[in-house]
Every structure is written in C-alpha cells, then in structure tokens.
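The following pair of complexes shares a single chain, chain A, combined with chain B in the former and chain C in the latter.
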Partner chain A sequence: METTLPTDRRVAGSAAAPGAPRQQRLSLDAVMGRVALLVLLVAAASALQPAFATAENARTVLLAVATVGVMALGMTLVLLAGELDLSIGGVAVISGVVGGMLLRSGSVALVVAGVLATGVVCGLVNGLLVTRLRVPSLIVTLGMLGVLRALANILSGGQAIYPEGIAGYLWFGRGAVLGVPVPVWVFSIAAAAAVVLTRHARFGRALYAVGGNATAAGLSGIRVDRVRLLVFAASGLAAALAGLLETARLAYIGPAGFTGIELSVIAVATLGGVSLAGGRGTIEGTLLAALIIGVVNNALNIAGVSSYVQQIVTAAVILVVVLPDSLQRREREA
Partner chain B sequence: MSALPLTTHEPGADGRPGAAAAVLRQPMLWLLAALLAAGALSSPYFLSADNLANLLRQVAVFGLLALGMNLVMLTGRIDLSVGATMVFSVIAAVELMVLAGGVLEVRMMGRGNTYVGPAVPVVVLTLAMGALVGLINGLGVAYGRVAPFIMTLVTLSALRGLSYVLSNGRPYYLRTDTYRWLGEAHVGPVPVAALVLLAVFVVFAWILHAHVAGKRIYAIGGDEKTARFAGVRVGRWLLAVYVASGLCAALAGLILTSRANSVDAPMATGYELSAIAIAVLGGTSLAGGQGSPYRTLCAALVFAAGLNLLTLHDVNAWYQDLIIGIVLIAAVAAAVRLQRRDA
Partner chain C sequence: MNLKPMVRMATLVRALSGAALVGAAAAAAAQSSVHEQLNAVIAKYAKVDEKSMTNPAVKAIFAKDGFAQELEAYPVGKLADGFVWKPGMGASFVGPFSKLPIKAPFTDYLPLPDGPVLDPKKTYRIGFVFHGFNHSWLVSLADTAAWEAARHPNVQIDVIDAQYDDNKMAQVIDTWVTKKYDGIVLWPMREAPMGPPVDRAIAAGIPVVSVDRRTSSDKVSSEVTGNFYANGVQQGLYLNQALKGQGSLVLTRKDLGSTADSIRAGGFLQVIGRSPGYKILGSYHVNSDRTLSFKTTADAMQAFKEVDAVYTAGGEEAMGALDAIREAKRLNSAPGGRKIVIVADDDSKEIMREIKAGTIDMVAPYTPLIGDLGVRAVIRHIGFKAGLVKEAPPKLILTPNLPMITKAKMTIEGVQTLTPDEWPYAFGPDKAAAAK
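Coming up: the complex of A and B.
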C-alpha cells in the first residue's frame, strides 16, 4: 500500500525494532478497515432499504459525494504538506460570484475560466501569505475565509444569481456523459490526477517530505515554499471547481452558500486517515472516506432521519473510525 | 508574567527589571488606546455609560471563550467546540429541568416555549454540562489520542445536531428575573457579566502565573516529552484545561442567552473561530507554551471595542467581516515579524 517515503516520521518509526514492515501492515489494515466498513455499510443499507440499491440512488450518492469529494482532494494535498485551509467555503463562494458576473458575457468557457482562475488566485494569496509573512496557515485561511465571504457579499450586493436559462453552465451540474453525471466525471478525473500527483510524481515525494519534516526537506534541496504555494493553489482550484459543480447543479449562485464546509471537508480527510500534523495519509483514503460519509448520509436520508440526527451519526462514525488508528499509533510510540 | 525557564520566548518575561515596561510593551494595549481615542473623537456616544456597559457585556462573552481557548492553546491543543458548547449546555440544562419537572409534577415550560421554572438550577446544570463536554473532549484528546482539532470538531457537530434535536429547532425563552440578572444587572456602573469575566481572569492569571499548575501547563506546551519525563501527568492536565474551557463556554452561553432572553440551536455559530482569533491576536501561540490571560483579555477588549466602533459608525456587516479578516492576518504578521526581530 505505502511506498517508503523519506519523512522523518517514517524514519523514526523504522528505528524502533520491528519498524517499517509493521508500519506498512498497519496502514494497510487501516485502509482495509475502511474498505470493509464501506462494504458493510452498503450491504446493510441495501438489506434494510430496498430503495438504496438502485442505479438511480447510486447516482444520487455519487453526485452528493462529488462536491465535498473534490474539495477533500485539495484539502488532502494541503494537509499532507502540514498546512490547513479553512478558506475553501469562501473561495467557492467568491469564485461562484465572479462566474455569475461573467454570465452576462454569454460565453460559458469564459465563465468557467473565470471561476477556476479566481480559485487559483485565492489559493495563491493564501500560499503567499503563509510563505512570505510566515503567518500560520490556520490564521491566514481563517482571515481569508472572512475576507472572501465579505467580498462575495459586497461584489454581489448580497443578491443570488439564478443561471436557469444558461444550458452550458448547468451542464456542469446536471449533464451526463455515457450515462454518468458530469460532476462524477469531474470528481473521478480530479481524483485520478491527485493519485498520480501524490504517488508517482516527484512532486508527491516532495509533498510528503515537506509535511513530514519541512526543515529536513529544505536541507535536502526541496523547495519547501514552492510546494506549499502549489498545494494552496490546488486547494483553491478544487474549491472553485466544487463551487462550479454545486452552483450548476442547484442553478443557484449565492454569496451565503458553503457555510461550515471547511470543517466537513477536514472531517472527510481525517476519516480517510490523513494526519493534521502533515506527511501522513493518502488520496485513496480520502476517497474511501468521502464514499463512507456519502453512503451513511444517503441511507439516513432514505430512512427519513433528520439532517440534525445525521450530523450526530456522522460525528460518531468519524470517532469510531479515527479512534482505533489513534490508539494504535499510541502503542507504537510507547 | 511567568518566570518559567521552559517558556523561553515569552516576550516581557525576558525584560525582568521593569514589569511596568513589559505591560506597556503589549501591542494590544496600544491598539486599545488608539481605538478608544478614535472612538471618543469620532462619536459622541462611544464613551457614554450605556455604550461602555454594552461594550463590556460583549467583551464578557468573547473574553470568557478566549480565556478558555488560551488555556487549551497553552498546552498546544485547540478547542473548536466552544460555540456549540455555549448553546448546547443551556438547552440541555433547560431540557433536564423540564424532565425533572415531569417527574416532580411541576410545570417548567409555559405557554409559547417560555421557561417558567427556577433559574438557579438551570445555571448549575449549564455549568455541569459545560464541564461534561470538556471532560469528553479531554478524554478523547488525552487518553484516546485523537487529534484535538478532530476531537473537538466531532463534538462541535454532534452538539449542534443534539441542540437541534433536543429543542426541536424551536427557541426557548428564558425570562425569569434571576436569569436576566446575569446579563443585564449592574454593580455600580459595571455590568455583572463583566465582573464574571474579571473573576475568571483573576483565577486563570493566578493559576497560570502563581501556582504550580501554571508551570505544568506551560511545560506541556513548551515541550511535552520533557514535561512527561519530568513527571508531569500530561493526561490529567489536558483533562483539566478542556474542562476549564467547557466551563468558560457554559458561562459565556449563560451570559449570551440571558442577554437575548432566549436560546436557540443555531446561536453563537462560528464563535469558536472568533475565540481562536482573539487568543492569537493576544499572542497565544498555536504551537503551545506561549500566551497569557492578561494579553488575551487585552485582545478581547480590542476585538470588542473595534466591533463596537464599526457598529456605531454604521459600517455594514460585510465590511466588518472584511476588516476583521484583514486585521487578523495583519496583526499576526506584525507579531511574527516582531518576534523574529527580537530573536
């Protein structure tokens, strides 16, 4: 499952007697545990709810997963680098509003380019503030969350835009290619790109190294600040993309959307085994976690459970999955 | 200020000779003076007794949250659940009283969802619920080894959900005189809420700077492994700081709900982020080991005075958010720069 990566955490782990192989097996267990949980959930939901195991419902689950999933991919990259991005809700909203302003031009290509460019610019601003001013990313992105939400309100005058008649825009949320909804395609392609990026590219190695021990990574010739800048840009791009998918699906661009999404997305990444301390976790884990949350919420929806109870159940699921990992790590450290 | 060798970068602690000089070196104090001067010059209402009392009540809520947050952050942890705890503990307390009323056959809930039972048990139960939430957070972080961000995020969303489920999404009205006393009464010219904050501040300042407990808390944040080897029972202290933060949140919840005369599940959304922002503005380090209740209190005053000034000048809420965000980043950037220059 895990290739050996030159992070200090792993090195420290392998220094202990039966280190490296045991650690690999453990994280493989963690992944298999999540796969097993997902299979179990799907089986239970299918058995209890006849409405669950239908092609139509599978589409619903995947559509719901796509938005949060795309954001979680960006967040995973940021977390792997040992940083945090609380601004994604603000990024999604401001890039949506910018896109909404460009709608009048009539060119969907221009709108999409505007949305994505806004996301990247916001991410770069985050990254520059973190790398140049040395302000902790929690503070930078928390401040930016407020700033971007405020800018979205100011730019739009607090008014929502309904892109109801613009078929090219709505296609991103409601269209389908080969029977699969466009958001699911976008999510899958983004996920594949993220897997390749973290697993096979030089960038991936640099990413884990920076998250594991930034000083050591810097000393071994990795341009640490550039990696940080790139992950924030990627997270901004992902947030803008998710914003595009969601606003197109709902045909509603409003400055008040995506409230609290940052915490849900961090919860997904954590459920997938990504460490907030950086350098530990995988894109695959995040994907599994996004599916687990999607299946749980969908099954509860079908059962007619209120969204508030869903919130409690989701919280419990996160704790149940994360706790054994944490306890296991404790045994290893002791 | 703490004279603990483990907290090496404590600015102000290194300038031993002049304690007064150290106090004056706080940038927050200068910022507060500037804000007060700007307020006094630009608005005739700013220094009026009514406005200042209002300001102090607002400081009480955010100050209590930030003091609790400062304590948790000193150990290198974080508590995202404080906003949800504020609301949940009050709702749960009211709900428990209604339950008790059912058993004792006393009517606790009047017409229109107005609570008509006694207020003192509600206050006691609210504090107990706050402590309980803190205990759960502390157990998860200290003994379950769950990352503090995640543990308290889980309680945040679970408590928000529970608050909705318990209250059925409807507000409860709390109009008994005793309850309102907390939010509205004055002792001399000073609101009771501000006195509560002052009392908590004195206790925290004493614990952190004059008691061995403070040295242990700073030691955990400074270097946890060393503290552990030195015999500090890290788990117990983590439990203690989370319980303290839960209690602070419950107190803040009491003050907020007694001012509003009601409690409602979506109240105080996002307050945890304001509390973190205030603590960080006051120089509390996210990495632990640095920060003081005094500076946190100064930052809370700056935060509330700034908000009050913007509201007095009719600045749109959107522009307020914009300004808060920029000031937060700029203030921390300035602090980082100062620290690097000193080092």
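Coming up: the complex of A and C.
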C-alpha cells in the first residue's frame, strides 16, 4: 500500500529529504495490477486471435512500442520533476532534419551525434527558459514545439529527406543484434538506464524530491534548477533518439512527422502511474504502460478494428487503470 | 475519251479524303484522349451500385461508408474551353519554394501569355492561402501558384500557410478582404469551415477560386477539381487485370469522410464489386500518416498469412505499407510465391522509383501542380469583373483525368498506361539524388 511522507516530517533542513522516493513510488499493488492487466490482455488476444501469439508478432509489438516508449521514458523524468514537455514532437522532427542535412558527410557517427546533440540542446533550451526565466514549462515547451516545427520546415524546405545512402543510419531502425531488432535494444537499454537513475542514483532521490515538493527540496540542499535542467535535457535526448529510430525504420525524414505524439506519450506515462502533479510514478510503470498500449493496438489491428474505435478503447483502458489509483489516493489524502 | 484514269483519280481522291477523314477522326479521338477515355470508363462503373455488387464484403463497405452519394456528387465532365491534354504538355521550371525541378502539366489550360495581365498600369494583388509547407505535395501546389504569378510583372502574390488551422485560414481571407485584394485562391483542408469566409470575400466583390479540395460555398467563383474518381477506378482496373477477380485484399485508406477516401475508395470498390472472388481481409484508415500505415500494415501482415494485394489511398499510405511488407519479408508471399500487388495514388518521385523497381505495381497520379491554374482562373475572373475579359472561366474547372503509371506499358479497358519515364510530372524530392 502506498504511503506518503507525514507532513510533520517536511521540516526545512531536515536530513530526511521530503518526498523521498521510497514513499512516492507506485505501490506494489499498482505495478502488479498493470502486470496482471498486461498478462490478461496477452492471454485474451492470444485466445481470440491465433495470429497474435507468435514470436514474430511479439517482435512486431516490441518494434511498434520502441519509439513511443523511448519518448515516454524522457517524459516520465520530466513529469516526476513536476514539469511537462510538449515539445518532444518538434524535437524529434528537428533532430531528424539536422541528421538529414549531415547525411552528405557520409559519416554515421557524425549524423547520429548531430541528431542526439540537437535533441540535448533543444532540451537544455527548454530547461533554461523554465529555470532562468521562470516561465511555466507548459508555455515554454508549447512555444518550442511551434518554433522547432517551423525551423524544421525552413531547414528542409518542406521536403522529405531520404537517408538510404547511409546503411549505418538505417541500421538503427532496421538492424538486429542476436535476432533482436535494434530499436528494441535501444528501448531496453534506455529503460534500464532510467530505472537505475531513478531507483539507485542520488539524482533519482533528488528528482522525486523536486517533484514532490520543490520548495522543501531546495531548502534541504537539492539543486532544484539543476535537476529540472537535466530532466529537460534527458527528454530532448529521448525525443531525438526516438526520432532516429523511427526515421531509420521508415528510411524517411519528413518535416511533418510525429504530429500529436506528445499526447500519446503523456498518455503512456499517465497509464504507467506517473502523476502530472509530479513526484509520483516509476519507469517500470511507464514501461508496462507502453507494452499495454502496444498490445491493445496490435490486437485490435489484427482483429480489423477501425483506428477510430482503437482510440476509444485505448482511452478506456487508460481510465480503467488510472481511475482506481486516483480514487485510492483521494481516500488516503482524505 | 478514256474515263478510267479519271474514275481512278476520283476513287483515289475519295479514298484519300475518306482516309483523311478517318485519320482526322482518329486524331480527334486520340486528341479527345485520356480524359474522355477515362470519363467513359468512369461512366461505365458509375452504374455499379450496392444492388448490382455481387461481392458481399465489398458491398458491405460501400454501403456502410455511404460512398454512393459522394460519388454521385463528384464532378466528372468535359474540360473548360474544349482543352485537350496530352502527355508531354506543360512548362518546366524550378519551384520557387521547393527549389526542385518541376514540369507542370496544365500550364496550357486556360492560358495566359507571359507579361502584364489585364490593365498593365494596375498592380493586381492576389492572395494564395493553403496548408502545409511541410508536405511535398502541398509545397508543389504553392510552387506552381507562385510561378504563375511571377510570369506577370503586375501581379503580386502573397502565399500564406495556414498550418492546418481552419480558423487561421479564415482570418487570412478576412484580412485580404479588408485590404481589398483583387483575388483569392485557396486550398481548403475541410469544406464546411471555409464556406463563410469565401462567402464574405465574394460579397465584398473579390473573386475566389478553390483548388483541389472544395468549400461549402456555392458562391465561389470557380473550383479547380482533381481526378479522384479516375484514381480509384484505375486502381480497380489494374487489380482486376492483375488478379483476374480473385484474391485477398488489405485496404489502407485515408481519413473517413474525406473526399479523397470517399471517391478513391468508392470508385475502386465499384470496379471490383462485381467480382465475388475478392476477399477483403481488413479495411484500415491510416489518414495519410506514413507511420500509422507502417504499423497497421505490419500488424495486418501478422494477422493475415495470405495477402494478394494491398490497396493504398495515397503516397504516404503506400510507402508505409510497402516498408512494413518489406520489413516482414512478405513482398513475395502472395499465394503461389507471387508478389503482393500494391496499388497506389499520388505520383511522387519516391513512388515512381518504386514503380521502376517493381515493388509498387501501379500509381494513379493526382498532381499537385495545379496552383497555376487557380491563379490564371482568378485573374480571368478579375478581368471579367472589370470588363477586360469577355467571358469568365466556368464555375467548375475540371483538371484532366490522368492515366495510371505502370512499370511496363499496358492497355486496360482501352486506356493505355504510361511508364515512369513517360511521366515527367512527378513531384517532390528525388530519392536517388537526395541519397547522394
């Protein structure tokens, strides 16, 4: 059962930092609930659609969730810090376009470095605007979304770029290591890194503290603005990485891509139990949520269900999962 | 007097005259051309309705999505001013926005000579508003509009991207009305929201021409419409030729309710609807989204182990589907080890490459290179209003039906296809050049 830090513990200068991660994690019940839902969905889909329960389809599902999953990891860090990043679609697009412009160099390393560096820089810009100018992240990142998309159009002339000429680039989307597609490896490694960061590193404790109570966190010695800056940089990096995976898989860098992706990513994080208010949630929850949505979409596509109905079903799944958590939290707070 | 030579001569003259007449008729028939040929094919299949469809799956989709009404309302007919279009016509230039080489097919349709138009002492301000400086089809549309305006030194054009925001487009139009622009050309994303601002412009005495998509205004000066019906019908014709009326199909369509979906898919289903041998495995809306098309087709490849053909409603749909099929290593997985037939719309250079490579089997062109036609139409309307032009352009300006493109030349129901090398009008960046 989830417990919250008693208010008398939230004392300025207290050695026990408020919002300590152990108390703010998704409860074991909530995680097991999501695992159970995933198992149930897989079982139901397998029973209803024989085509679902194959190794190849599992590979298809994992490939499909990799891009949104990577972005959701970055978004989770931002949400845990009590912030929001709506610019991820724009970051993914501009990073891809910058990579596309570097294709002429013929160097995979340079292209990939350019893509990822662009993402980090965009994230840092977001972070600096939030921390230095004190503009709410909703406003900053919404503005950045528009700016980055416009910039992508200007730099690309509104035209698609095809990275076919560099096989190394396409490997990120189409390659495999030990039979496992590269995007799945990237998602797995990114998730593992994010789990270590949030659970076992000092940064993770600081992150939850900032998200739980930024004032108290600051008073207890945590460098709040630094934490915020770093999570935005991480989110930018994740968006750029996701952009790399998807453009490599499609062999297509288009300035119109990733439209509306921010809402899908926030939905994944929310389904995973991350609180929009900050300080609550886990990477593990986000991971499970990405898989749940991936399984639902895949199963519905296999069943021939319209994409419009899929949107309703996905929203219903989110409500069904998130509602009990919210009600429980309300009861405890009352 | 020996009359035999005279008789022989007369016979020869008659024969030659007859031959000349036949030749002229044949030339006229050839000149009445692709547009009329495809109109005749459309007319043939337009008679196919739910009742006459013998394929229950096709019938069910046709009925459920209400295609009949949309198809009936879609304009099909003669070209304005008796224009006859032949492959090869049109001007070549570099797109002012895309900086790509363009050959626009209809620059001779409702022509205007280079140089000042109407009153040479006056500067005419024309507004061109559309959506999407981030999509090659739409950038190409803007390219042709800007090119046309640049041919006339006394025409000043403002090209505005309303960024897929109907409210913004309405505001732009209203601003031009306030500033008393001479003419407006628009590419409306949706019909209904653009009716009122167009009506306001017309009420202010400003001619308005829509290109490609339509508005809900019945006061609009002219509508330049595309050839969705010919697209869908030709996709059906090709499929019938390739599969002989038998096979399992996956459909990847555009947004439900959009004109592109209704007319293309509707026309396609009319052509295949009387072949009971087709099985529709899945009908998906992927809404011009390459990623969604990719993911949906990837899932469909898992769901269905035997797929004979994939119908795609546009370029993005086609490329997403093709890439998914390739990733699943299913390109040659149709029963009997045959290749999955892929039929597409929208003649981008990217698609042309795939046609040449044999991975996409046919594409029905839907050219964006019609912005110039819209600008010429609005200039003529301005001239007519000022008494400088005798006749206004017609309300409905149909663009010529275009023949499908296939790797090898073929003739299907009397319509000869073109090969990619015979189609200089493809739009967008060239994949091969971009890869260098």
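As a working rule, the second predicted complex is superposed on the first by the 307 of 334 C-alpha atoms of A that agree within 3 Å, B and C clash if a C-alpha of one lies under 4 Å from a C-alpha of the other, contacts with A are read in each partner's own complex, and residues count from 1 in each chain.
The definition used in the following text is that contacts are C-beta pairs under 8 Å (C-beta built on N, C-alpha and C of every residue); 3 or more make two chains touch, one makes a residue touch a chain.
The shown structure was predicted, so the numbers you read here are calculated from the model rather than taken from an experiment.
Partners chain B and chain C clash in the overlay (superposition on chain A). In the superposition on chain A, contact of A:73 is made with neither chain B nor chain C. Of the two partner chains placed around the shared chain by superposition, chain C is the only one that A:254 touches, whereas chain B remains out of contact. In the superposition on chain A, contact of A:151 is made with chain B only, not with chain C.
Looking at the shared chain after the overlay, A:159 reaches chain C, while chain B stays out of its contact range. Once the two complexes are laid over each other on the shared chain, residue contacts for A:298 go to chain C alone; chain B is not touched.
Legend: residue contacts after superposition of the two complexes on their common chain; A:51 is shown touching chain C, with no touch to chain B.
Touch criterion not met for A:240: it reaches neither chain B nor chain C. Of the two partner chains placed around the shared chain by superposition, chain B and chain C are both touched by A:306.
Overlap of the chain B and chain C interfaces on chain A comprises residues 149, 153, 158, 306, 308.
If you check the complex, the residues on chain A that touch chain C are 49, 51-52, 54, 56-57, 60, 63-64, 103, 149, 152-153, 156-165, 174, 246, 249-252, 254-257, 259, 297-298, 301-304, 306-308. Only residues 80, 140, 144-147, 149-151, 153-158, 160-162, 164-165, 169, 269, 273, 276-277, 280, 286, 318-322, 324-326, 328-329, 332-333, 336-337, 340 of chain B touch chain A when the two sit together in their complex. Touching chain A in their complex are the following residues of chain C: 97-100, 132-136, 138-139, 256, 281-287, 289-292, 294-296, 298-305, 319-320, 323, 327-328, 350, 428-429, 431, 434-436. Against chain B, in their complex, chain A makes its touches with residues 86, 129, 133-136, 138-140, 142-147, 149-151, 153-154, 158, 260, 263, 266-267, 270, 275-277, 306, 308-312, 314-316, 318-319, 322-323, 326-327, 329-330.
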